[in-house]
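Below is one structure; the comments refer to it alone.
Labels A, B, C and D are assigned to the chains in the order they are written; within every chain, residues are numbered from 1.
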Amino acid sequence: MRIIIEKDYEQMSKTVMHLLLAEMYKDKAVHLAITAGSTPKRLYELLSEEIRNKKAFDNVTYYNFDEIPYAKRGGYGVTIENLKKMYFDPAGISMDQVHVLDENNYKSHDDYLANVGGLDAFFMGIGADGHFCGNLPGTTKFGDRTSSVAIDVYPEMYDIIKGEVGGKDEEVPTFYVTMGPRSVMDVKAPVMFASGKGKAAIIKKAFFEPVSENVPSSIFQLHPNFTLVLDEEAASEIKDLY
Amino acid sequence: MRIIIEKDYEQMSKTVMHLLLAEMYKDKAVHLAITAGSTPKRLYELLSEEIRNKKAFDNVTYYNFDEIPYAKRGGYGVTIENLKKMYFDPAGISMDQVHVLDENNYKSHDDYLANVGGLDAFFMGIGADGHFCGNLPGTTKFGDRTSSVAIDVYPEMYDIIKGEVGGKDEEVPTFYVTMGPRSVMDVKAPVMFASGKGKAAIIKKAFFEPVSENVPSSIFQLHPNFTLVLDEEAASEIKDLY
Amino acid sequence: MRIIIEKDYEQMSKTVMHLLLAEMYKDKAVHLAITAGSTPKRLYELLSEEIRNKKAFDNVTYYNFDEIPYAKRGGYGVTIENLKKMYFDPAGISMDQVHVLDENNYKSHDDYLANVGGLDAFFMGIGADGHFCGNLPGTTKFGDRTSSVAIDVYPEMYDIIKGEVGGKDEEVPTFYVTMGPRSVMDVKAPVMFASGKGKAAIIKKAFFEPVSENVPSSIFQLHPNFTLVLDEEAASEIKDLY
Amino acid sequence: MRIIIEKDYEQMSKTVMHLLLAEMYKDKAVHLAITAGSTPKRLYELLSEEIRNKKAFDNVTYYNFDEIPYAKRGGYGVTIENLKKMYFDPAGISMDQVHVLDENNYKSHDDYLANVGGLDAFFMGIGADGHFCGNLPGTTKFGDRTSSVAIDVYPEMYDIIKGEVGGKDEEVPTFYVTMGPRSVMDVKAPVMFASGKGKAAIIKKAFFEPVSENVPSSIFQLHPNFTLVLDEEAASEIKDLY
């Protein structure tokens, strides 16, 4: 486990961009899973500006690692829609370079990845509850591969998902899909990044306390090639621990 | 997780030898942790004969991954003594090529390994209780690095260790040392091998049932580059599962 | 450049087998170019016996690296016919696992290889004139990729090729095809092996004298990951040089 | 051979910076040889600003690949002095992280590099005569390792070197040292970059015409992992060729 601590959100975003570019510049077919959400906002601004000015990275295929389908309207789900708006469109990346994980193909997703030689890298955030991807405490087990999680897995999930689909009850699906802990551990280089005081407690808990399914991200203590990028606020509770 | 199933103990031993030689023939400094015990007996016979006839593999450094010190007589512990007799001596390998983990240096073992760039590969067996190295159920946690385990960790341990040191009470140490689950997960290529019907049940439990600290070897379901080599008997309960 | 010297032809063949198995046992799609001819005879005997007893290596695709087509009868050319007899058939390898380079597809061969991610390894012999594959002195330049060589490139070539196609004038083609020096330098791990006193002089010339297109194999002095396996006779003129 | 073409000097410099950072961010000890001279001026400005704001890259050791000693004053030679001014000082890199190649240690330089596991990457420019490092046409052969070149190798060399040491006759040494073509071909990832119309002709000659010792850089046509980064002007004569 490598830990990189940067001064602030801006510097953390730049460092994650450099780690992403390091993968993208490999002279081979590169398979990258990337996160949606708010943490990577500045990352995608910086990266879009950087690569718009350059020749296309035709060697890169992008993957989402979880998806919440809209129950009614169909089309892209919440994650891909978000990635498209934040990164693919501003960076001028065609959807031909995106492999969309969704409610129709998730059962064969791990086989698909094995066939292309596995994911080279995986860029993700962490939730205040220790979740990564759609692996919230109580939804999946360490040994789970890509699978679906029923919305009624526990009572609070309905409201979480309702928030994601725009607050409309009719768009809440009966399940979402996510790469499981075991699938993510298969990735060659998982990278997690976090910013702000709100993440300080979970960073300590996930990476300096016991490995436990109750804190899903603690599994990365066990990955031989895991990188954690933090700003100083997110790192504020672990300063004396490493 | 890759599973290779061979007809019998002889063929399994040959395949493990080929996997070992694949590491040893790398044109670089190679760091290998290898197991003592009864399962690798034929492996070391085959390998010793093979490499005695060839130029020395000067690029290879060998490591033991656990050790039971003799309480009274001192000198090498149980594991290194066993490896010396089974492999280093018959293969003509000098102890200069062996990095001995013992009761004096285990606290700095993980740092030592990090400094040499990590272990390239790790060849180990599995116990009927699911243990690997000295990680028996109830002794270590998934997040543990190289550490010591007190002989009084639970009542049965005294007799286990007494058996290992030749049945003499005066040679039973107060603790043994072992690389922990987290240390082993850091290895680039862990390889586990098992033979015989006596291992069939634990193979199923460890690799086709949930990941759990109660079955320490189940952790390897989570390693991105793990190989399991079995003979048909050891594989007899998993035939329809993969 | 790594040089491995074994006692005799038998030990050299075993070592090359171990290097081949090291590639074959990689847990990924593996692309291997292998040589026909007399030097690998014992290698293929040993290897066929070894892998017939084991589960198929479904992950391996084999490639020939040069081909002399029969002018009249059609079908497989000299090289593939020879590989089939010496290795694919005795080892039980289906032709579905063989990518045949021939007079019809050689122009797109380099692109094909680039598409599959390149050759992982390349096992070849050396001629007494320093040639490798069909790259004889005076036929190709260092910068050449896979291409054809006209039989009338120089006077002696007709008889060389006539010997290869069974001594029949009507089967002598107007050209043969070969991977060029530049194509072979693209391989991740080229391995050359040689046996016997008849190779001692060219081994010295190719690897301990200047790099020159007059000695095609001297190009491998420049490869970052080249291995040369010799028996003591083939190494008899270089003993004091490295 | 991978060719990356950017719009102008600024974009080329950014891309080379990203390739450098990709090496530096590897989670292991990284060994990098880097070039002095005028082409990397903007690269080092960008990179210095980038890494001054971040935690030190303690894992990186830098190497110069050639050196012109000052005959009289002693101390650092021309290359290291230049690198110190352009990069090490502005980026806050301690000379403890620099392995200095000079007139005293060049004979053991290749052995030194082999011992640390080889150079990970090599960032260099190209001369209008096709030279790289101190390998000018007529000074070294493809098979040469790190060596010295006498100033009287040919008449014009005196003035070239006099220019480098500040125009003072008394500082002209009797020889300079350089990594040779064979040493550089051993590097895992050589990267060459060039900018401006003045380089357009040699780029075509070195990479789209025959491999020849008269054009030293043409050797990189033969490297399995070579990258060439150009701006549009430097690429202006090769647009229809690849």
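Criterion: a contact is a pair of C-beta atoms (placed from the backbone, for glycine too) under 8 Å apart; a residue touches a chain by one contact, two chains touch by 3 or more.
Treat the numbers as computed from the prediction; the structure is a model and nothing was measured.
Enquirer: Measuring between mean CA coordinates, which chain is farthest from chain C?
Expert: Chain centre farthest from chain C's centre: A.
Enquirer: Would you mind telling me which chain pair, C-D or B-C, is linked by more contacting C-beta pairs?
Expert: Between C-D and B-C, the larger count of C-beta pairs in contact belongs to C-D.
Enquirer: Return the distance between the CA-based centres of chain B and chain D, expressed in whole Å.
Expert: Distance between chain centres: 45 Å.
Enquirer: Can you give the whole-Å distance between the Cα centres of chain B and chain C?
Expert: 39
Enquirer: Could you give the separation in Å between the centres of chain C and chain D, each centre being the mean of its C-alpha atoms?
Expert: 35
Enquirer: Hunt down the residues of chain D that sit against at least two other chains at once, touch-wise.
Expert: In chain D, the residues touching two or more other chains are 225.
Enquirer: Could you pull out which chain A residues touch chain B in their complex?
Expert: 118, 141-143, 181-182, 185-188, 210-211, 218-219, 221-225
Enquirer: Enumerate the contact residues on chain C facing chain B in the complex.
Expert: By the definition above, chain C touches chain B via 2, 4-7, 11, 14-15, 18-19, 21-22, 25-27, 50, 53-55, 225, 227.
Enquirer: Note which residues of chain C are touching chain A in the complex, please.
Expert: So the residues of chain C touching chain A come out as 28-29, 117.
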